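Following this line, the structures themselves.
Consider the two complexes below, in which chain A is the common component and chain B and chain C are the respective partners.
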Partner chain A sequence: MMSHLAQTAPLAKTSQETNIKKKQGLKKLKRYLPLFLLMIPGLVYLIINNYLPLFGMVIAFKDINYSKGIFGSDWIGLKNFEFLFRSSDAFIITRNTLLYNGAFIIINTVIAVAIAIILNDIKNKFLSRFYQSVIVLPYLISMVVVGYLAFSVFSIDSGLMNKTILPMLGMKDISWYTEPQYWPYILTIVHAWNGAGFLCVIYLASIISIDPEYYEAATLDGASKWQQVRAITIPLITPVITMMTLLAIGRIFYSDFGLFYQVPMNSGALADTTNVIDTYVFRGLMVLGDIGMSSAAGVYQSIVGFVLVIVSNYIVRKVNRENALF
Partner chain B sequence: MKKKFGWLSAILALMILIAACGTNSGSDNTAEKASESNESGEVSEAPYEVVYAFPIFQSVPKDLNLVQDEINKISKAKINVTVKLLPISISAWTNQINLMMTSGEKLDMLAHFDYSTQVSKGKLYPIGDIMEQYGKGIIDALGQDYYNATKINGKSYGVPSIRDLAQDYGYIIRKDLVEKHNIDLSQVKTYEDYEKIFSVIKAKEPNMVGVTNMSGNSVLGTYSTRDSLGDDFGVLLNNGQTDFEIVNWFATDEYAQQLKTIRKWYQAGYILKDAAQNQEATQAIIKAGKAAGNFSHMKPGFEAQESRGIGMKVVAVRTAPAVAKTSTVTNVMLGVSSNAEKPEKVLQFLNLMYTDKDIVNLFDWGIEGKHYVKMEGQDNMIKYPDGVDGDNVGYFGYGWMHGNQFLSQVFEGDDPEVFIKQAEFNKTAVKSKALGFTFNSEPVKTEVAAATGVLQQFRRGLESGVLDVDKELPKFIAKLKDAGIDKIMEEKQKQLDEWAKANGN
Partner chain C sequence: MTIENKSFQWIINIIMMAIAIACLIPFSLLIMSSISSEASIIQNGYTFFPEEFSMKAYGYLWTHWSELGRAYGITVFITVVGTAASLAITSMLAYPISRSDLPLKNLFAFLVFFTLLFNGGLVPTYLIYTQVFHLKNTIWALLIPGLLMNGFNVLLVRTFFMTSIPPALIEAASIDGAGEIKIFYRIVLPLSLPIMATIGLFAAILYWNDWFNGLTYVTDSKYFSIQTILNKMMTDIQFLTSNSNIAGSSATSEIAEIPSTSVRMAIAVIGVLPILIAYPFFQKYFIKGITIGAVK
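And now, the complex of A and B:
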C-alpha cells in the first residue's frame, strides 16, 4: 500500500486541474477503502491507549488536589521535577541507569546474535526447538521469582555461593547483600540470562529468512564458517540489529524495575550500584503517593528517551539511510 | 509521501477531537444526572446509596452481598440509607482510589491509612463542619480527646475506627521455650535487658535465633520510645512528654545506642543473618522454629491474637509504656470522600457504624447462625457454627477497621473482656503532648521524597544489625542532611509551634 501511494502521489501533484485531482482522490479512496477500514481498529487502539494518556502529562506540572480535579488544580511549574535532582544521589542514579542499560544493550545483542547463529546451524529439528524453548524460558519467569533464585545462590546463611562454591575455592564467606562492588556483574549476568533468549528468537527469525543460496555459493568458493558469518549473516541482519538497538536506546532511561529492586532484595546497602531512576522514584514516592511527582519522573524519562531516539536515528541515517527507523 | 502523512494526521486529529468531545459530554451527562437524582431524591425520598470503599488483604468473602443486604435492612429503616461495600485489594488500593477520585466515579466513604496525605490532596470532605449535627454518636464513642486528635487546622476530616488507639511496645516469645529453659521474663526491664533472653536461646537452641524482624521491616522497626510526628523526620523524644522541641531522631545518642546494641546482638548470632532481606512473615518464621520471638507494638489481648496466628502459645514482655500519639490514632481512619453527593447522609451512616451494635456485628462477623453462633451460657461470646471453620466461613470482616470495634462480640479464645480492657487502655495511656498535631508535608514534599529514599536505603540494614554502625550511621545522617531533613524539621517545628499556640499550650 505504501509503495502504491508513493507512486501515485507525484502523478497527482503534476496534474494541474483540481477536479481530476479530486476524482483521482475519490478513486483512490474507493480503491483503498478496505485497507483504511482495516486500519481503524489499530488506530483506535493507538489513540485510546497511547495518545489520550498524553494529556496526563499536565499532571506533572500541577499540584494535584482531588477536590479541585486535574484541570482545576494549581500549576506549579517544574517543582515536581525538583526531587529528581535534589540530592547527591541524582548523579549516581543517572550514571547507573545509563551505564547499566548501555552495557545491557551491547552484551545482550552480542550474546543473542551469537546464540542465534549457533542455533541456526543445528540441523536436528527437535533439538533446535528444544534449545530455543530453553533459552526463551528465563524471559517468561517473573522477576520476583528470579530474585529468589538469586537469593538461593547468594543467601548469607544457606546460599550456594557461601555454602558450596566459595569453600571449594578455599575462600571466606561473602556477605553478598551488603557489598555493592559485586552487583554490577551479578545484575549484568542475570539480565543477560533473562533477556538474551527473547532477543535471540528475533535474530534467529531474520537469519532463517536469509536466502540459503548465499551460503551455498560461499561454500563453493571455499569460505569457512566464520567467513560466512562475517560476510553474509551479520551484514544481512544488520538492519534488524540496528532497529532493535534503536528501540532499546529509546528506553535507555527506563530500567527494568524488577531486576534492580527484586534481585538485590531491596537491600539499601547496595544502593551505590543498584539504585536506578525507577527504584529511586519508587522508594521516594511509595510512602508519599504523590502522583504529580511520579508523573514528573515519567515525563522526564520519556523526554530523554525521545531525544535519544531522534538523535541516534539521525546518526544512523547519516551513516546508512537504509537502516534508519524513520 | 507528504500527502500520505497529511491524510494520516487529518484522521488522527479528527479522532482526537471526537474522543475529546466524547469524554467531555460524558462527564457533563453524569453531572446532570447526578443533580437530577439529587432533586428527585429529595422529593420521593429514595434511599441514598453510600459507596464504601475499603482495602482488603485476602480475597473478597463470598457472602459479602448477603451481609450487605442485612446491613441495608437496618440502615434503610433507621436513616433511609443503603450501603454498597466496595472491597479493593490492598495492592491496588492507592491507584484505584486515585483513579476513582480523578474520574469522578461515585465514592462516598473510604477507610485509609495515611490521613495527612489524604487531607492535603483534598480527597476528604471536612466532616468536622457537620459532625455535631449528624455524627454526635461518633464523638461520644471516641471521647473528646481522641476526636480532637483528628483536627487539622481546627477541622476534622475523618475519624479513627475505635480499637486500640494507643500502643505499648515489647517482645513476644514462645511460651514453651520460656518454660523449657526457665527463662525469667520479669528480669527484663529495659531494651538492653532482652539480651538475657537471647543468650539463653542461643545457648540452648542452636538452630534458633532470639529475635526476628517484622515482615518487610527491620528488627527495631516496631519498637518505639519517641513520638515520630508522622514520618520520623524530626521527632519528639521521650514519647512527646517533655517539650515541643523537635530533634533529628537518627542523629540522637539514643538511636546510636539502640543500633549498637542491635549490632552487638547480630554479631552474637541472636538475629537471623539475612534479617535485612528476609521477606517471610514473622509468624511463619516463629512457627517454623527459626526464631523464638519478635519485637512488636502491642495492645491488651495481643498475646491471644498472636498465639492464634502462630499456632503456638506466646507470652509477652512489655518494656515501653502505652502511649497515644497522633500516629497511633490516625493510622486507621474512616472518612467521607470529597466527591460525596450528600455528605450528611454518609456521615449518618458512619454514625451507625459507631453506635449500632447490630451493624457493627454484621460488619465484623457476618450473619448470626450462618457465619457465627452465640456460645451457650456466655453473654458476648461467639464461635463458628458446626462444620464451619476459618477456612470455609463465607464472611470475615476487619473489626479494627469498620467503626466501633468495642460494640463487637468477642470470638472464642479471646479474653471475654478484651474490649473493656482496650477501652481502659485507651483511657489510661500516656498522651503525647503533640497528640492531635498532624504534619502537613506538602510545603516540603520534595525534601520528604528525597529523605524517604535515604531512609529506605539505610534503615533496614542498620536497624537489623547487618550494617556496621560506626561506618554507616554517619553516612546515613550525612545523606539525610543532604536530602534536606533540616528543612523538613524547620517546617515541622513551625507548624508544631503554631498548633501548640492554637491549642493553648
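And now, the complex of A and C:
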C-alpha cells in the first residue's frame, strides 16, 4: 500500500502541475468553485461559533447595555479586570484551577500508565479486551449521571458513606455537601474514576507497539518483570507520556466544567474549594448576571490559556518535532 | 517457570478484576437503590442489598411517561440530526483543505487550526447566540452551540484524506470527467468510512450526553432533553410533578407521595440505561476511536 502510494504520488503531482500551468485565473476559479462551495457550511459555522465570539471578547472592556447591543455599549477600559483582580475571587479560582488540574494530570497519568503496563501482560485476549472496555465505560457517561452516582455515595441522609461505610468503621456521619475539606479528594477520585481509563487505552496502544524482541532478549538474560518494566517499557513510552502531559499542561487553565458543576451539586458551602475559572464564569453569567466580571474572567482564561498552549507546544517541538501540534 | 508465570497471570488478573469492579460498582449501587423501598432506604441508606424491593420509583416515573418520552424524543432527535449534520459539514470542510492543489489551502487550514488555540469563552459565545442569533429556547440551541463541528475533527479527517486516499485516484476520476462534488461523495467518502464511523460515534455520544446547552440556552420545558431533565431533578426532585399540568391540589398530594429518595436513583437509571445496553455493541469502535484521536 505504502510503496504503491510512493510510486504514484510524484507522477500525479507533475501531471497536476502541468495542468495548473495551462489554466488561467478564471478557469482556475471555475475548476475549484465546487470545492469552495463544499467548504461554505463549515466556514460559516466557524465564523458563528468561533470567530464572532472572538470579537465579542470586547465586551470585557465595555459596560454592557443590552439596549445598545454588544458592540454599541460604552467602553470602560480595564475596569472589569480591576474589579476582578482586586477581589479575592481571582486568586481563589486561579489557585483551584491550577491545583486541581495539576493533581489530575499527575494522578491520572500514574494510574493510567500502571494499568496499561498490567493490561499489556494479560495473556488472555478476551479478558484483556473486557478490562479495556470496562475501564473506559465511566468516560462515556454524562457528568450529570456521574453527579448522581456521587450522590448515591455521599448523600447526607442515605448515602453509602454515611449509612454503611462510616458506621462500619465506627465513625460519625459527615455532612459531605457542606464540608469543603473533603472535596479536593472527592473530586480527584471521581476524576480518576472518570478519566484514567481513557488515558490508559492511549498508553496501552503505545506499549503494544514496543517490539517484543526487547522483552524476549531481557527474559533470556534473566531480567525480572519489574526490571523489564523499568528498563524497557517506561523508557520507551516516556516520549508519549511527555507529549500527553505537555498537551494537558497546555490546557491546564481549562477545567472539566461538568465535574466541578455537577459533582458538588452546585453547593454554595463548597464554593471556595470547588470553584474553578469555568464555573466562576458560568455562575457570573447565568446566575448573578454579572457580565462584566465573568467576561473579564473569560478573557483572562483565554489569554493565559493561549500562552500556555503556545509554550507547551514549543517545548513539545523541542522534545520531538513530530508530536508537536504545530 | 511456567508455574511462576501462571501465578503471575492470576495476580494481575485479580488486580484488573478489582479495577473493573471499581469502575462498575457505582452503577450497581445506582440500580439497586432505584429498586429499594423508601422504608429500607431511610433505614439503611442506598445499598447493594436492600432489605425490601419496590418498583414505586419507576411507578412514579411511569405516571410522567409523556414528559419523559418527549425528552427521550428530543434526545434521539438531536443525536441523529446532530451527528448527521456534524459528519456532513466536517467532511465537506476537511476534503477541500486536504487537496494539495487548492488555492489558499493554507489560509483555510489555519482558520480551522486557530480555533483550537484560542477561543472567546462562554460569555461572548452566549451573547452572540442569544442576542444576535436568538437561539434561546429553540431546538437549534441543542444542536448548534459548540457541538456541531470542531476543528480537531476537521484536521483529523483531513489527515485521513491526505494519507489514505491516493491523489492518483482523484486525478483519474477527474480525467474520466467526474466533477469535484461527484468525486467527493462517490470516491472519497466511501473510502473514508472508518474515520467517518469514528467521528460519528464520538459526535453521537457528545449529543446524547449533552446537558450544557440545555442548561445554558433552554428554559422552556418543551425542549428539555433527557439529560436536561436529569440535571433539573438533581436539585429539584419534584420537578416532574410541579412542571406537569396536574391541577394544584392533586399535585401537592402527589408531591407528598413521591418516593423521592429512590426516584432520584431511578431517573438516573432511566438516563443511563440505554448507553449501558448499547455499549457492548460499540465498545470496540469506541476504544479504537480513542487511540485514533490521540495520535491525531
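Everything below uses one rule, namely that the second predicted complex is superposed on the first by the 209 of 326 C-alpha atoms of A that agree within 3 Å, B and C clash if a C-alpha of one lies under 4 Å from a C-alpha of the other, contacts with A are read in each partner's own complex, and residues count from 1 in each chain.
To be clear about the criterion, contacts are C-beta pairs under 8 Å (C-beta built on N, C-alpha and C of every residue); 3 or more make two chains touch, one makes a residue touch a chain.
Remember, predicted model here, so these are calculated numbers, not experimental data.
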_Just to be sure I read the superposition right, which of the two partners does A:S87 touch: chain B = first, chain C = second, or both, or neither?_
first
*Could you say whether A:I48 touches chain B, chain C, both of them, or neither, answering first, second, both or neither?*
both
*Please work out whether A:E216 is in contact with chain B alone, chain C alone, both, or neither, and reply first, second, both or neither.*
neither
*Looking at the overlay, what does A:I291 touch: chain B (first), chain C (second), both, or neither?*
both
*asked:* Contact-wise, after the overlay, does A:M265 reach chain B, chain C, both or neither (first, second, both, neither)?
replied: both
*Please work out whether A:D74 is in contact with chain B alone, chain C alone, both, or neither, and reply first, second, both or neither.*
neither
*Figure out whether A:N65 sits in contact with chain B (first) or chain C (second), or with both, or with neither.*
first
_Partner chain in contact with A:E322 - chain B first, chain C second, else both or neither_ = neither
*Of the two partners chain B and chain C, indicate the one touching more residues belonging to chain A.*
C
*asked:* Is A:L127 touching anything from chain B or chain C once the two structures are fitted on A? First, second, both or neither.
replied: second
*Overlap of the chain B and chain C footprints on chain A, listed as residue numbers*: 5, 9, 12-13, 43, 48, 51-52, 66, 69-70, 151, 155, 157, 265-266, 284-286, 291
*Could you please specify the touching residues of chain C with respect to chain A in the complex?*
8-9, 12-13, 15-17, 19-20, 22-24, 26-27, 29-30, 33, 41-42, 44-47, 88-90, 92-97, 99-103, 108, 111-113, 115-128, 131-133, 144-146, 148-149, 151, 154, 166-168, 171, 179-181, 184, 205, 208-212, 215-216, 227, 230-231, 234-235, 261, 264-265, 267-268, 271-272, 275, 279-280, 283-284, 286-287, 290-291, 294-295
*Of all residues in chain A, which touch chain B in the complex?*
2, 5-6, 9, 12-13, 43-44, 47-48, 51-52, 64-70, 79, 82-83, 86-89, 151, 155-157, 175, 177-178, 265-269, 271, 275, 280, 283-291, 293
_Considering only the defined contacts, which chain A positions touch chain C in the complex?_
4-5, 8-9, 11-13, 15-16, 20, 28, 31-32, 34-39, 41-43, 45-46, 48-57, 59-60, 66, 69-70, 115, 118-119, 121-124, 127, 130-138, 140-145, 147-149, 151-153, 155, 157-160, 162-164, 193, 197-198, 201-202, 205, 225, 244, 257-258, 262, 265-266, 278, 281-282, 284-286, 291, 294-295, 298-299, 301-302, 305-306, 309-310, 325-326
*Spell out the residues on chain B that touch chain A in their complex, using ranges where they run on.*
1-4, 11-12, 15-16, 19, 94, 98, 101-102, 104, 114, 117, 121-123, 231, 272-274, 276-277, 279, 338-339, 441, 445-450, 452-454, 456-461, 466-467, 472, 479, 482-484
